[in-house]
Amino acid sequence: MKVTVSRKAHFNAAHRLYNNDWTDARNAKIFGKCANPNFHGHNYELIISVKGEIHPETGFVMDMKVLKQLIHEEIEEQFDHKNLNEEVAEFKTLNPTAENISVVIWQKLRSKISAELELTVTLYETPRNFVTYTGE
Amino acid sequence: MKVTVSRKAHFNAAHRLYNNDWTDARNAKIFGKCANPNFHGHNYELIISVKGEIHPETGFVMDMKVLKQLIHEEIEEQFDHKNLNEEVAEFKTLNPTAENISVVIWQKLRSKISAELELTVTLYETPRNFVTYTGE
Amino acid sequence: MKVTVSRKAHFNAAHRLYNNDWTDARNAKIFGKCANPNFHGHNYELIISVKGEIHPETGFVMDMKVLKQLIHEEIEEQFDHKNLNEEVAEFKTLNPTAENISVVIWQKLRSKISAELELTVTLYETPRNFVTYTGE
Amino acid sequence: MKVTVSRKAHFNAAHRLYNNDWTDARNAKIFGKCANPNFHGHNYELIISVKGEIHPETGFVMDMKVLKQLIHEEIEEQFDHKNLNEEVAEFKTLNPTAENISVVIWQKLRSKISAELELTVTLYETPRNFVTYTGE
Amino acid sequence: MKVTVSRKAHFNAAHRLYNNDWTDARNAKIFGKCANPNFHGHNYELIISVKGEIHPETGFVMDMKVLKQLIHEEIEEQFDHKNLNEEVAEFKTLNPTAENISVVIWQKLRSKISAELELTVTLYETPRNFVTYTGE
Amino acid sequence: MKVTVSRKAHFNAAHRLYNNDWTDARNAKIFGKCANPNFHGHNYELIISVKGEIHPETGFVMDMKVLKQLIHEEIEEQFDHKNLNEEVAEFKTLNPTAENISVVIWQKLRSKISAELELTVTLYETPRNFVTYTGE
């Protein structure tokens, strides 16, 4: 029996939307106030979902204490109270849209979680905007 | 890499559940207090989800500003503070259940969004009742 | 020791904002789309708060089962799936704004709850608009 | 047209995580404070989702009043204000992890819902931990 | 300028409502299923509010990191994953109603927080039931 | 009859906690990661509450459309997608803690709202941290 287990986490970060290959004018035109060179920020709410067989001895798909700790080390400690553009290596050249952040989080967690488990990342940038990435 | 981006919106509307082909007695029997001829209403909470490739230049699947504006024009302006049965053309003959409203919203948005993007509509009729339509 | 105990409840209703003493034109000007003669509606979320001494034997300020039942009988059964303007006596002549609804709810409950207990009504008309009435 | 309709419900229960085949020491090591022999508890929030064709006469996939009543009888009355380990037959020998509870709920509802409808159970053990079971 | 700062926390615990001075029959009659001798449980959500002057140098009424740590040590570590009746000294003889729990939390924190600051405890027993104690 | 009416709003901004009169080392010691010189950010959720008599003709304490527009012009347009330290005049010399932001918002709105109405500002910096200022 395959069950999906999900764990919520969160981090607060600054960012701006910016394509290094474009002029500032084009960035301002496409990204509007999200391109503000002084940055703005969000409380990112994160849901990490892992799908797999229930282990017959523990009744767990994955120990939530382990998943919580993994999210803490790999994501929260790397992103929380950071400026994503300036301080997170992946976004030096990659525009930190919610879409791209969800892919980076997925990639950082994928190698740390058993390959038998399917991984999905859901990221709320605001209470009204969110994205989901399943590795597809 | 395919990501799903979602945007929340909302509208407040009156409706009643009613099948024009039935007697009032049968409507009352099947739909109970939802068939009240004087109408009742809801704060409908809407989530529009769009799935597709991340555009390499923008980092967007779809510009959320564009999606927000599209939902505003096509759905919120048509449905908000309206009586769905009396004032929305689609429900003159179609019973405005949450299921049917979600299908109508999907159809209204489908032609306005690139055919390469998958579209899903989630509609909360109350905080405890909601429906999802993917076009299947 | 005085504690405030609160219980959430909800009802779905249709209404329109309308002052019987005004012309339709004036109603439309002041209340905008809220004056729509075909009505619109809301999921009203209600919080009833009661403040008083903790009873030494029960540990209760008021038995929540009793409060829940009282709200059900006096408010939910009277207002749920109703058209407030057309079907609730108090709003035949009183404009059903959130402010006025909260006062009516307070008045309906006040006589049913021990006079030693302070009563507060909080009413969410939408997730973003709410009112509070304490009897002041 | 296939739509998924979902209904939220809830129950409050005590439990402990415990594998009868293990020593107490091993239970304590694997499950930590969740193995507390005096039990702890949760407000379980439940979402039951049913997917199928919209019935052309009613506009319903399934009458929500029927689904609400079914959840009440089969799940809430069996689990609410209970000690899952001690008082619910299925967990006499099965460890009441969120994963296993979701499977038990799915099995209890599956036979009561038309076989043409797909069934999904989502169970929040806490606001930050939840599981989903689709019968896979 | 006096500002109120609030911090949310949470703990999961088992309890039953029980007055030691009453017969089991009377406990069952008054507390209903809440008196279940096998216990039930809740995800208690806690809001600790502290009101006082803004410190001109820090801009803080109270450092949230300090408040968070204080709640963790004094409340979460004492109550989380515990059976309140069996394992928390204060409830050996005091019925663990939400009202009484809020008073106990207030008393445990009062002496740890500067006397110049006003303290309020809000405790959600379920998403629909909550209590507030200000020390009155 | 005096009722309090409340309206929710929100803005996303970057900030850092920093006292200009202190050394960087002291800022880092007192404010921890909140002093990050590259900034971090939040989705600030704002609740503006106004208390006063219900106007007998409109049934309003204050027209919510007016309050919504006022919050938009005075707060959202000034703060949204901004770096509070760098781009908002009030925080050039004032540390943008949640406490200080709530006071600044209160001061910006106070002169725009009838003096007969009491004004309260509640500001969520994160879903778990919030502050309230009443002008006291």
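Think of it as A, B, C, D, E and F in the order they're written, each chain with its own count starting at 1.
We take it that a contact is a pair of C-beta atoms (placed from the backbone, for glycine too) under 8 Å apart; a residue touches a chain by one contact, two chains touch by 3 or more.
These numbers come from a predicted model, not from an experiment.
Enquirer: Taking touch as defined above, what minimum step count separates chain A and chain D?
Expert: 1
Enquirer: Strictly by the touch rule at the top, which chains does chain C share as contacts with chain F?
Expert: Touching chain C as well as chain F, we find E.
Enquirer: Where in A-F, C-F or B-C does the A-D interface recur, with over half of the contact pairs identical by residue number?
Expert: C-F
Enquirer: Note whether the interface between chain C and chain E is symmetric in residue numbering, meaning over half of all numbers used appear on both sides, and answer same or different.
Expert: Counting shared over all numbers used gives less than one half: different.
Enquirer: From the C-alpha centres, identify the chain that is farthest from chain B.
Expert: It is E whose centre lies farthest from that of chain B.
Enquirer: With centres defined as the mean of C-alpha atoms, identify the chain lying farthest from chain A.
Expert: Ranked by distance of C-alpha centres from chain A, the top chain is C.
Enquirer: With chain centres taken as the means of their Cα atoms, state the distance from chain D to chain E in Å.
Expert: 28
Enquirer: Starting from the mean Cα coordinates of chain A and chain C, work out the distance between those two points in Å.
Expert: 41
Enquirer: Determine the centre-to-centre distance between chain B and chain F, using the mean Cα coordinates as centres, and give it in whole Å.
Expert: Each chain reduced to its C-alpha mean, chain B and chain F end up 34 Å apart.
Enquirer: By the touch rule stated above, which residues of chain C touch at least two different other chains?
Expert: 127
Enquirer: Who touches whom among the chains?
Expert: The set of touching chain pairs is A-B, A-D, A-F, B-C, B-D, C-E, C-F, D-E, E-F.
Enquirer: Sort out for me which residues of chain C touch chain E in the complex.
Expert: Per the stated touch rule, the residues are 1-9, 49, 54, 57-61, 63-65.
Enquirer: Which of the residues in chain D end up touching chain E in this complex?
Expert: Against chain E, the touching part of chain D is residues 10, 12-15, 33-34, 36, 38-43, 45, 80-83, 86-87, 126-127.
Enquirer: What residues of chain E sit close enough to touch chain C in their complex?
Expert: Chain E residues touching chain C: 17, 19, 21-22, 30, 32, 94-100, 102-103, 127-134, 136.
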